[in-house]
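Sharing a structure here in structure tokens format.
For reference, chains read A, B, C and D in written order, and residue numbers begin at 1 within each chain.
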Amino acid sequence: MTWIPEVASNLASKVDGVLLLITLLSLVFFILITVVLVYFAIKYRRKREDEETPYITGSEPLEIIWTVIPSILLIVLFVYGYVVFKDMRTPPKDSVEITVQGKQWLWTFDYYNGKKTINELYVQYNRPVRLVMEAPDVLHSFFVPAFRVKQDLVPGRYTQLWFTPTKIGTFDIFCAEYCGTGHSAMLGKVIVLSPEAYEIWEKGVKADEDAGVASLPPAELGAKIYKEKGCNACHSLDGSTLVGPSFKGIFGHTVELQDGSKVDVDENYIRESILEPQAQVVKGFAPVMPSFKGILSDEDVTALVAYIKTLK
Amino acid sequence: MGDASVEHSHGHHMDPAVEYSSSKLGMWLFLGTEILLFGGLFAAYAIFRAKYPEMFFEQHVELNKKMGAVNTCILIFSSLTMAMGVSAIQRGKQKATAILLLITILCGLGFGVVKYFEYSAKFHHHIYPDTSIFFSLYFLMTGLHMLHVFIGLAILGVLFALTIKGKFTAKYNTPVEVGGLYWHLVDLIWIYLFPLLYLIG
Amino acid sequence: MANHTIAHDVYVPFLEKKGIWSWLLSTDHKRIGIMYLISISFFFLVAGVFALMLRYELLTPVSDFVQPHTYNVLFTLHGSIMVFFFIVPGLAASFGNFLIPLMIGAPDVAFPKLNLGSYWIYLLGTLIVLIALAKPADTGWTFYTPYSATTDTDVVLITLGVFVLGFSSILTGLNFIVTIHKMRAPGMTWHRLPLFIWASYATSVLQLLATPVVGITLLLLITERTLGVGFFDPAKGGDPVLFQNFFWFYSHPAVYIMIIPAMGVISEIIPVFARKPIFGYKAIAYSSLGIAFISFLVWAHHMFTSGISDIAATIFSFLTFLVAIPTAIKVFNWTATLYKGSIHLHSAMLYALAFVFLFTIGGLTGLFLGALAADIHLHDTYFVVAHMHYVMIGGTVMGFFGALHFWYPKWFGRMFNETVAKIAWLFIFIGFNVTFFPQFFLGVQGMPRRYATYPAEFESLMALSTYGSWILGAGIFIMTVNLIAGLINGEKAPQNPYGSLSLEWQVPSPPPLENFEEIPHVTDWSYGYGKKK
Amino acid sequence: MSTQSHTGQNHITGNKTYIIVWAVLMVMTAVTVYVSYINFGILNIVIALVVASIKASIVALYFMHLKFEDSITWVFALFPLSLLALLIGMTITDTFTRTIVP
């Protein structure tokens, strides 16, 4: 375990600088106070009941010293924090713009070239990215610890943040603003690709880490998709109700729709619910699921159906 | 004072001068709280007024300026009679105080009647608190104010009853003065609500 | 003095009368203080049990003890009850009630009936919230919109309950301000007032003037859910962040409503057990007022990532650092008071020293959250949770426990077992640090708060924190049993077991009904320990 | 036994003063209503608020006897107003200086 998450963006090292300075100053004061406190408590502990103590009521020079010195240090901290903050709030003009939508409880990313992903944000190494973010329902907060960036998504307006990834790899996205039952399942990944890999991804070819996945048995592939695409945020496997119906034992059952009609949960119904979620919504649930058309391939959908069949 | 008759129950009987100034200070503190209670609404007003000037301008016309003005006059007059009532009891004139309190109460009721007609006219035109931000503000600000009018009336009613019973004299009249302070606050807040809602929208 | 008292009149302790109505209808500030003490202690233990359940769920990364929704309800109840039922009324209403008239040499507060009324309003508020438990809210204690406006749990009743509790808080503050202004004994000048009184005064001002704003904010939330008002609803032209501005306008000062009385307690305990005059009396007294004033100016430091403007964020960050100065001054002065003292490590003193130590950590970690760039990373992570608990438990609760042990003999006329008290203290001190210190690291590593489940990489620290909560729980259990046992079979307490100079120790334990046989004439401050040169 | 009279705070204002105050208030109400029919643009708001503030001050000073109160009452009458100004001022500062994200 490390003390601090890995440094994976240009902003991370700057924020760490602020953290480090405050840590050092805090340690100095903490050690000073603790040592003095413990030393006094031991040295001057009462040995006899009738001990005499001096009548000391204060010292103006001391009061001035311990008012002025912290004040100066605090102003330094404020300025340092502000300077880095200003950087964090000023995206470079040439940033790549990606639209982020956070909704209960998944992330969707829309890229400039019409591509769309769920819970996986693809960015290019060493190229500044500006995220323009909105939320249709409640507050969310986009937080990538490895990048040291965080910004709330506020319904009714756009907020933004930016970063330049400085490390190739996969990093956690957390939702940091409480948003309801699935808050802790609203997770995602930032995938930082090398320029070459990014070019391949842009063209729509699967990135190489996905190669070999297709050879998995359908139900196993479905299980993988279930986790990676964020199905798990809304559909439980144990029968508990989240935002959507639980997958447990749903296949082969008959469910009641909002208009009172009934439908059998078969391959076609599941397929439709993934690609056109609003078409037939189960009674008692809100029509909030996003469409996965263009995000999941036919094989992916088939794999998910196969997986759901196994959930007895 | 320090004679043998000192009993335990004596502690609650404060020196009347202390009790008088304590009560008055207490009421002023309470008025401070009230101002900040309305403060949230005033802040909301300021923000949305600045954000949507057109909405405020278009919709404030729906309010009945004349009724607002009449109510302003009623409340200011009631403040006058209230203040005169306090002076009267401080001079020991119980009967005059009772009459002045009664006029104040009637003014308060009159204010309520006018407000009732205003509200029902709004509902008649299908204007409700959720119609727009402006009408939300209108109903909440005047509604909260109306609640204070009712509380004020209840206080005045008690003061009136006690005055008739002769409980207040030139020497002891703290409740009248303190209750009066509360009534003036009701007037004071309306002095702001009237132009903000009816005049400049 | 004692002889004089006995000779003059028959001593009737305030605890003499029995029966439930002798309590519920009593306007005696000491009895009202006890009723608050019982109520807040009860809610402290209830919310503490919720905390233990939360930590137990977090022992493993997955939901195995409760489902996420239940977890969310639990942390909402833990937060709401701790904040609004325990810690805001807390020391101010219980020890404030008991001590203010005694310390300033008055027979009671300025408005005894209003004081009783405040307690009833408090009970009414708790009753409303109890009804709300039928379908408990899952919004978190901060009730952020739009979630609080749309969730189908019962937000209206719980916010209404909090609104009512607010009135109790306002009226208590009002009562204390007038009491301190008008009821001081002859000779009790402002600069002779015990520091607990200064602290209570500053707290009361905050209670009086900050609470109404949260009152109207919660009312607006209620109208949002019932009347369709849209001040916080973007679909109707409203602004969700406006709610946060209003909410924190109260809730940041509320943090100081919670901590300033504890600072007052520490300023009373340390001089007595160090047998030294308090160091820098005026600095401590005026820093209480300073903190209270500045606390109105810093609210948006809870909102640096919430979408407020950069200019506002910058202003509030600067003002936030200002509040650190009076706080630091207090810590330095308490430490300096120990110098050349004759220090007796009584359990109350141990809590006071723990306060200084833990509160220093709480205060210093606050600097991270005040600095803009650092807060962006740490906001809404476990770092905030740890910081807040270091201030609230390490500060306020240590102050509360210290006060309980310090004034226990005076209030109840009995002694508790000192050895057991020290053992409980050790459990609490260790348990607290094991629970919350790891959370600083969790936060720096990015673990967000309010997570029912969490990534496996955080498991070891999370589990450590849960183990700590068991030690802490055990410590509080031992302490509670010890204090209750003392009530039943503790030795009779002498009038002034610690040799304190403050007025409350110059009357019998427990004090008589009207406190003082004759209103005392005060000729000196209450910190005149040690030998004058 | 001392009564209220010793404090000097218990100032009794004559009815004549009250009626003058009332007349002033009525005149100002008339003025503010009249002005609202003329379009001065932003000035309308300024005039209305200035007039309302003068009226409120008069009510506080004379009807509520603030003029004769001690300094502590003044502090607790004015401090809430400054907090209100702070609440409005800082919330507005935030709301209208936010970055507009294109």
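Here is the rule we go by: a contact is a pair of C-beta atoms (placed from the backbone, for glycine too) under 8 Å apart; a residue touches a chain by one contact, two chains touch by 3 or more.
Worth saying up front: this structure is predicted, and the values here are computed from it rather than measured.
Listed by label, the chains touching subunit B and subunit C alike are D. No other two chains have as many C-beta pairs in contact as A-C. Centre-to-centre separation of subunit A and subunit D, using mean CA positions: 49 Å. Here the spacing of subunit A and subunit C, counted between their Cα centres, is 33 Å. The distance from the centre of subunit B to the centre of subunit D, with each centre set as the mean of the Cα atoms, comes to 14 Å.
Distance between chain centres (mean CA atoms), subunit A to subunit B: 51 Å.
Residue positions of subunit A touching 2 or more other chains: 89, 157, 159. Multi-chain contact residues, meaning those touching two or more other chains, occur in subunit C at positions 177, 181, 209, 213, 238-239, 241-242, 246, 307, 310.
Counting partner chains per residue, subunit D shows two or more touched chains at residues 72, 76, 79-80, 83, 87, 91, 95-96, 99. Per the contact rule defined earlier, chains pair up in contact as A-C, A-D, B-C, B-D, C-D. Only residues 89, 132, 157-160 of subunit A touch subunit D when the two sit together in their complex. By the touch criterion stated above, subunit C contacts subunit A in their complex at residues 67-69, 72, 138-140, 144, 146-147, 150-151, 234-235, 238-241, 274-283, 305-307, 310, 313-314, 317-318, 321-322, 324-325, 328-329, 331-333, 335-336, 338-345, 353, 356-357, 360-361, 364-365, 367-368, 370-377, 379-381, 441, 444-446, 448-455, 457, 460-461, 527-533. Listed in rising order, the residues of subunit B touching subunit C in the complex are 2, 6, 8, 10-12, 14, 18, 21-22, 25-26, 29-30, 32-34, 36-41, 43-44, 47-48, 51-52, 55, 128-130, 132-133, 136, 139-140. Those residues of subunit D that touch subunit B in the shared complex are 2-4, 6-7, 9-10, 12-15, 18-19, 21-22, 25-26, 29, 32-33, 36, 44-45, 48-49, 51-52, 55-56, 59-60, 62-64, 69, 72-73, 76-77, 79-81, 83-84, 87-88, 91-92, 95-96.
By the touch rule above, subunit D contacts subunit C in their complex via residues 72, 76, 79-80, 83, 86-87, 90-91, 93-99.
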